[in-house]
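Here the structure is laid out as C-alpha cells; the discussion comes afterwards.
Going in written order, the chains are labelled A, B and C, and every chain counts its residues from 1.
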Amino acid sequence: MTRRQLIPIAILLLVACALPLVVSNYRVFQFNLVLVYAIALLGLNILTGYNGQISLGHGAFYAIGAYCAAILMDKYGVPYWATLPVAAVVCLVVGFLFGLPALRLEGLYLALATFALGVSLPHLLKYHHLEKWTGGVQGIVIAKPDPPFGLPINADQWLYYFTLAVAILMFLLAWNLLRGRVGRALVAIRDNHIATEAMGVNNAMFKSLAFGVSAMYTGVAGALGAIAIQYVAPDSFNIFVSIVFLVGIVIGGLASISGAIYGALFIQFVPNIADEISKAAPWAIFGIFLIGFVYLMPMGIAGAVRMGLARLQRKAQNK
Amino acid sequence: MDAFLHQVLAGLATGGIYASLALALVMIYQSTHLVNFAQGEMAMFATYFAWSLINAGVPYWPAFFLTVIFAFVLGVVIERVVIRPVENAPVLAVVVVFIALLVILNSVTGWIFSYTIKTFPSPFPAEPIFGKYMSAHEAGAIGVTLVVLTLLYLFFRYTPLGLAMRAAAQNPDSARLVGIRVGWMLALGWGLAAAIGGIAGMMVAPIVYLDPNMMGGILLYAFAAALVGGIDSPGGAVLGGFMVGVLENVLGAFVIGNELKLVVALVLIIGVLTVKPSGFFGKVFVTRV
Amino acid sequence: MAALLEVADMHAAYGPTRVLHGISFSMQEGTITTLLGANGAGKTTTLRALCAMVKTRGEIRFAGQRIDGRATEDIVRLGVAHVPDGRGTFVNLTTEENLRLGAYVRKDRGGIDADLERVFGYFPRLKERRAQQAGTLSGGEQQMLAVSRALMLRPRLMLLDEPSFGLAPLIVKELFGILRTVNQKEKVSMLVVEQNAAMALDLADHAYLIETGRVVLSGTAADIKRDDNVRRSYLGY
C-alpha cells in the first residue's frame, strides 16, 4: 500500500477508535452494527462483486452464524469470543457445500436458487423438531458480555472495540487475498469464465471457495450481530435481510473493499432516518436508490469517490 | 383415503394458482430470457387494487375485470419504463432492478394500505360442493385457472397478434423483418403476464388473506413449477404448477409437516437446476464460445 | 424516371469496426440488381443497412422518401422485404405460420389467403409441408420458405442475401427461375447479394461489385459477363 493510501486509512482508524468515547451508548451500538454489516457486505462482495456469482440468499449465512453464536452461548455456555471461529468454520463449510451444486448455475439461475434459500430459511428455523436448539418462533436471548480485565469502559463500548478488532482483521485478510493471485483469478472468472477454464484456471475450486469464504465472512458478521443485539429469532432473518445486503453492495460499490464500509453506513442509518416518515419508507427508498444507482452510478459510492479523487489528481497534475 | 383425496384436490386448486404464476414467469422468460423476481409483488399489488375497488362498493366481477385491465396496464408500463433501459445490461444489473421493483411494490403497498392483514372475498359460495373433498372456492379457483389458460392458449395459437408475439419472443430479428414491433410485443407480454398474476392473486387471497408479504412463498412455488416444467415451456409450466401444488399438499400433510412445505420448493428448485436444468419439457441450450 | 432505390455515400460500422466506406448505387423499379464481391466485402452489411439493422450514415431513398434513420418495422411497411442471410426462419413455428407472418403488416384477409395459394403454386413442396415445423425443413425448402415469406408482403422491393448459399446447383437454378418469373409477372424489384457471380449475372439486369466497403465496378450484367478481363480479375472465372 502506498503512503498516500495509508493516510486516509490511518485517519479512519483513529476516528473509529475514538468514536465510542465521544458519542452516546446508543450510537455506539449503531456503529457496532455498521461494523457488523461491513463485514457481511465484504463477504457478499467477494462472491458477487469480485467473482460475479449473484447471491440473493446471504441472509441465510448471516442467520446460520447468528444462531451458531446464540446456541453455543445459551445452551453450552461457550464464551462469546469463542463462538466466532465456530461460526466461521460452519459457514465456510455450508457455503462451500452450497457452492458445489451452484457451480452449474449461472447468473439468473443462481440468483433464483439463492433467492429460494433466502425465502425458505426462516421456515427451517421455525421447524418444531429443531425447536430445542433453535428456540422455535420465540428465538433465543443471550446475555451481553462484560468487558474483560475490569477495563474502565462499559459493555457496549467493549463490544464495539471487539467487533472493530475482528473487522480490522477480516478486512486485512480480504485485502491480502483479493489483491493477489486469488483476487485476480476471481475477477477473471467473473469476466470470462470460458477463457479462464481454457487457460487452465481451476474454475470450480475458485468458485466454490469464493462461496465458502463469502459465507464465512457473512457468518462471522451474523455471530457478531447476534452478540450485539443479544437476540436471534427466525423472522428477523427473512429474505429482506438478503435484499438489504444486496442494496449495501450495490450502493457501496461492487468489487470494492471500501464499498463495504459505505454500504454498511447506508443500510444502518438510512432506515433510521426514513422510519420517521413511515414504516414502509425505508424500503421504498432502498428500492428507488437501487434503481437510481444501477442507472446512474453503477460503480456505487466507492466508484464515485474513486473517480472524484482521480479527477482532483488530474487537476493537480495539470496545474 | 378421504384425507388423501382432499389433499390432492386442494393441491390442484393451489396448483392452478402456481400454474398461472409459473406461466406468467415463463412468458416473460421466453421473450426476454429474464426471470421476473417481482412477479409475485405485481400480482399482490393488483390484488390490493381489487380490494380497494370492492371496499369502495364495486361488485366482485366488475372489480375483477377492472383489476385485470389495471394489472395489464401496470405490466406494460413497468416493461416500457423500468425494464427497457436495462434489457441488455449485465445480469447483476437486471437482477438488482427486479429486486428493486419487488421492494418498491411491496413498500408502496404497505404505505398505502398498511400492513394489517385484510380479508378478501371469494365470488364462490361458502358451502363445500363435493362433499368434504373440496370447497366451492377451491373448485372455482381451478375453474378460473383453466378458463384463463384455455383463453391464453387460443390467443397464442389462433390469433395473428398471438402469432406475432410468439415470433417476437423466438426470433426478434426476423420478427422485425416482417414488420413486427418487437418492443411493443415485449410490453404486451409483460401486460399479459401481469394480468395472469393479478388473477392468480385474486384467487389465492381468500385462502391466505391479503397482506403485502403474501406472495413470497407462492412465488417460490411458482419458480419451482416453472423450472420443473421447463423454464421456456408454457405447457410444462402449467403441468409443473399442478404437480407442485399436489406434491406440496401431500408431502405437507403426510410426510414432513406443514412447516417445511416451503423447503420442499427450495429442494425442488435446487434439485432441478442441478440435475435437469431444462426441466421435463424444456430445451437444452448450448452456449457458443 | 426516379429510381426506386438510391443510396448515396453510405457508411456503416459495427461498433468501432467500419465496414462500409461511402457506398453509392441506385436501382430502377422492376429490375433485378446484384451486388457481387468476396467474403467480408460488405455486401450483407449493405442489405442490413438498407433495413436499418445496422447503424448508418448517408442518404438512402426508397421511392423518393428518405428511409435512413427510420426503424426496420417502418421500412418493412413501405414495401421492403428482406430475405436475410441464414434465412431467418422461425424454426419453432409451422411453415404456414411462417408464411402468414410474412403478411403481418397487411390488412386484407382475402388477399393474404390468395397470396398463400399463389406462393404454394410457385413452391408446391411448401404446400406439402404446410403444417410441419419449419425447423425440420431441408436447406433448400427453408430458402424457398424465406423467399415465400418475403413474397407474402407483396413487396415492391425484395432484398435477398446469398439465396444460393448451401444449395445444390439444380435447386439454385429452380429458385432463380422462380425469382425471374416473380420479377416479370409481378414487377417485384430485387436486390440480390451473391457470391456465386455466374448465376447471379444470369439472373440480374444490373450488377455492382463491392470491395472492402466500396463500389469498384458497375454496369449491366450482360456487359460484365462479356468482359473477360473483369471476370478474371474480379470475379475469378
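One rule holds in what follows: a contact is a pair of C-beta atoms (placed from the backbone, for glycine too) under 8 Å apart; a residue touches a chain by one contact, two chains touch by 3 or more.
Just so it is clear, the structure is predicted and the values come from calculations on it, not from any experiment.
Peer 1: Which chains, if any, touch chain A and chain B both?
Peer 2: Output, common partners of chain A and chain B: nil, no chain qualifies.
Peer 1: Between which chains do we find the greatest number of C-beta pairs in contact?
Peer 2: The chain pair sharing the largest number of C-beta contacts is A-B.
Peer 1: By mean C-alpha position, what chain is farthest away from chain C?
Peer 2: Centroid comparison gives A as the farthest chain from chain C.
Peer 1: Can you identify the chain nearest the overall CA centroid, using each chain's own CA centroid?
Peer 2: It is chain B that sits nearest the middle.
Peer 1: How big is the gap, in whole Å, between where the Cα atoms of chain A centre and where those of chain B centre?
Peer 2: 32
Peer 1: Give, as an integer number of Å, the spacing between the C-alpha centres of chain C and chain B.
Peer 2: Here the centre of chain C sits 43 Å away from the centre of chain B.
Peer 1: Determine the centre-to-centre distance between chain A and chain C, using the mean Cα coordinates as centres, and give it in whole Å.
Peer 2: Averaging C-alpha atoms per chain gives centres 58 Å apart.
Peer 1: So which bits of chain C are touching at least two other chains?
Peer 2: In chain C, no residue touches at least two other chains, as defined above.
Peer 1: Per the contact definition, I'd like the list of chain B residues that touch chain C in the complex.
Peer 2: On the chain B side, the touching residues are 160, 163-164, 166-167, 170-171, 173-182.
Peer 1: Name, in rising order, each residue of chain A that touches chain B in their complex.
Peer 2: 48, 52, 54, 56, 101, 104-109, 111-113, 115-117, 119-120, 123-124, 126-128, 194, 239, 243, 246, 250, 254, 278-284, 286-288, 290-291, 294-295, 298
Peer 1: Sort out for me which residues of chain C touch chain B in the complex.
Peer 2: 51, 53, 72-73, 76-77, 81-82, 84, 88-93, 97, 100-102, 104-105, 149, 153
Peer 1: Could you pull out which chain B residues touch chain A in their complex?
Peer 2: Listed in rising order, the residues of chain B that touch chain A are 33-35, 37, 82, 85-86, 89, 91-97, 99-104, 106-111, 115, 216-217, 220, 223-224, 227, 257, 259-263, 265-266, 269-270, 273-274, 277, 287, 289.
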